[in-house]
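Letters A, B, C and D mark the chains in the order given here, with residues in each chain numbered from 1 onward.
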Amino acid sequence: MGNSVKMTVEELEDFLEREFPQIHEGGRVYHVEKIEPDLASVRLEAGDRHLRPGGTISGPSMMALADLAAYAVILGAIGPVALAVTTNLNINFLRKPEPGDLVCDCRLLKLGKRLAVVEAYIHSVGKEELVAHATATYAIPER
Amino acid sequence: MGNSVKMTVEELEDFLEREFPQIHEGGRVYHVEKIEPDLASVRLEAGDRHLRPGGTISGPSMMALADLAAYAVILGAIGPVALAVTTNLNINFLRKPEPGDLVCDCRLLKLGKRLAVVEAYIHSVGKEELVAHATATYAIPER
Amino acid sequence: MGNSVKMTVEELEDFLEREFPQIHEGGRVYHVEKIEPDLASVRLEAGDRHLRPGGTISGPSMMALADLAAYAVILGAIGPVALAVTTNLNINFLRKPEPGDLVCDCRLLKLGKRLAVVEAYIHSVGKEELVAHATATYAIPER
Amino acid sequence: MGNSVKMTVEELEDFLEREFPQIHEGGRVYHVEKIEPDLASVRLEAGDRHLRPGGTISGPSMMALADLAAYAVILGAIGPVALAVTTNLNINFLRKPEPGDLVCDCRLLKLGKRLAVVEAYIHSVGKEELVAHATATYAIPER
């Protein structure tokens, strides 16, 4: 696939802030940490609203993180395209995360003319063990 | 599967309020509308934080709604069990919803000893056309 | 979606025979049973090669059946298009089927310009209880 | 997860031959190539019955390969257990494979008490580019 990135971490954060201000509602919790060819990492700064009883982080928080990180890796590969939309997301929850920030590492599996497919690995910061694994498909505008 | 429900709409809303107060953080937006044998409906009162540019409702909002509605239909079938956890969720986004409330209708496909499988249909209130379709698996405590 | 079908059961069986003769290798086991607007049913005549120890029908046999039935409902809606290809299939195995024929009932959830999404219910002939549930996405040529 | 394997390649092939002779019906096409801690590879010797028009390999052939390779990695980790059954399989088809053998490399993402989750990468022999990616969940007997 690509060997270069079309957006830096800063450009991507600016783009998200401008085009998707709603993701920051209630506080800025998503941080793009890395954009490399076919790779991206996004961190969720987990707060009270992401928790479930027992201190674990909620499933929907992880789904939202995977969806955003998948978008980040695609934007890194094709540049700022607001019109990419998720068509499918499949997630397996593997272990209950402990309280604390989560990181989602994404890898582009396919960048086609009309579809991009991404896999996403979620783990707690500083731990290798996966808490969730997802795959996501985005429909992208033809280029 | 079951021919009776173990929790009424009111009991379910009370249970969620007590056990999962976080889902109401930022405002009460989820409303259990129906619990029947093997069926449940939950409504999302869509507000600004659920929107995306163009006024459509975000994918993560729909994933969270499907996950909650799946939990509702399972609780309706097995009674108040805080320990059921999602193990897999697969969602297909079919059409962009217009702004406005969404309803998720769930149906129990399997209630096993250890796993429950649910399918979920999301549509805008008052419209038949589906905006998303999901299936979810929950691990449930052996009964 | 559509209110009419573009192919009859006979036309569809002829098309499959001509374009996909491989599915009949080892014996004719797939039978298109119904094509209606947005609906299709395909039967698997289960033989020895579809079995697993204990007499149950194998998972891959059910995946192949769901994939073919999804193709049938799409062809019924758009007409004979050999170029439609599966992009995603998600299947939940719900119960072990007893030996005997299986039927897969499919419903078109979305027929877009580029993607079609189908859900598939598999049950044993003469039994209502589901043995598997699948969703499939096909990429279709723009029309 | 595990640091050792409970079955060698030879033991696994013997086990499959004894317990699942049906997978070899019509000719021996599946070959276990590698069993390592949390990893397994299975090769599909693609023949006429696995092809589709244009010489590409059929989707159901890839689904069957992913399912079998997922089983192999689980057996490698827990030993010969005929009773493990697939509960969910999700597959994304990424590119049309050219004619020729396929290899499925599997990795164990989770080995729980009751569920094992595996991811599977399918590529043509000698090519790095993925043709499909799957995740599979197996229900396993409590140990």
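Observations
Note that in this section contacts are C-beta pairs under 8 Å (C-beta built on N, C-alpha and C of every residue); 3 or more make two chains touch, one makes a residue touch a chain.
Note that the structure is a prediction, hence the values are computed from the model and not measured.
Superposing the C-alpha atoms of chain A onto chain D requires a rotation of 180 degrees, rounded to the nearest 5. Where chain C touches chain D, the two copies mostly use the same residue numbers: shared numbers make up over half of all numbers in play.
When you average the Cα atoms of each chain and compare centres, the chain farthest from chain B turns out to be D.
One inter-chain figure worth recording: chain B and chain C are separated by 28 Å, centre to centre, where each centre is the mean of the chain's CA atoms. One finds 23 Å separating the Cα centroids of chain C and chain D. Here the spacing of chain B and chain D, counted between their Cα centres, is 34 Å.
Looking at chain B, residues 87-88, 90, 92, 137 sit in touch with two or more other chains. Touching chain D in their complex are the following residues of chain B: 87-88, 90, 114-115, 137, 139. The touching residues of chain A, counted against chain D in their complex, run 90, 92, 94-95, 109-110, 117, 119, 130, 133, 135, 137. By the touch criterion stated above, chain C contacts chain D in their complex at residues 19-20, 22, 25-26, 48-53, 58-60, 63-64, 67-68, 82, 85-93, 96.
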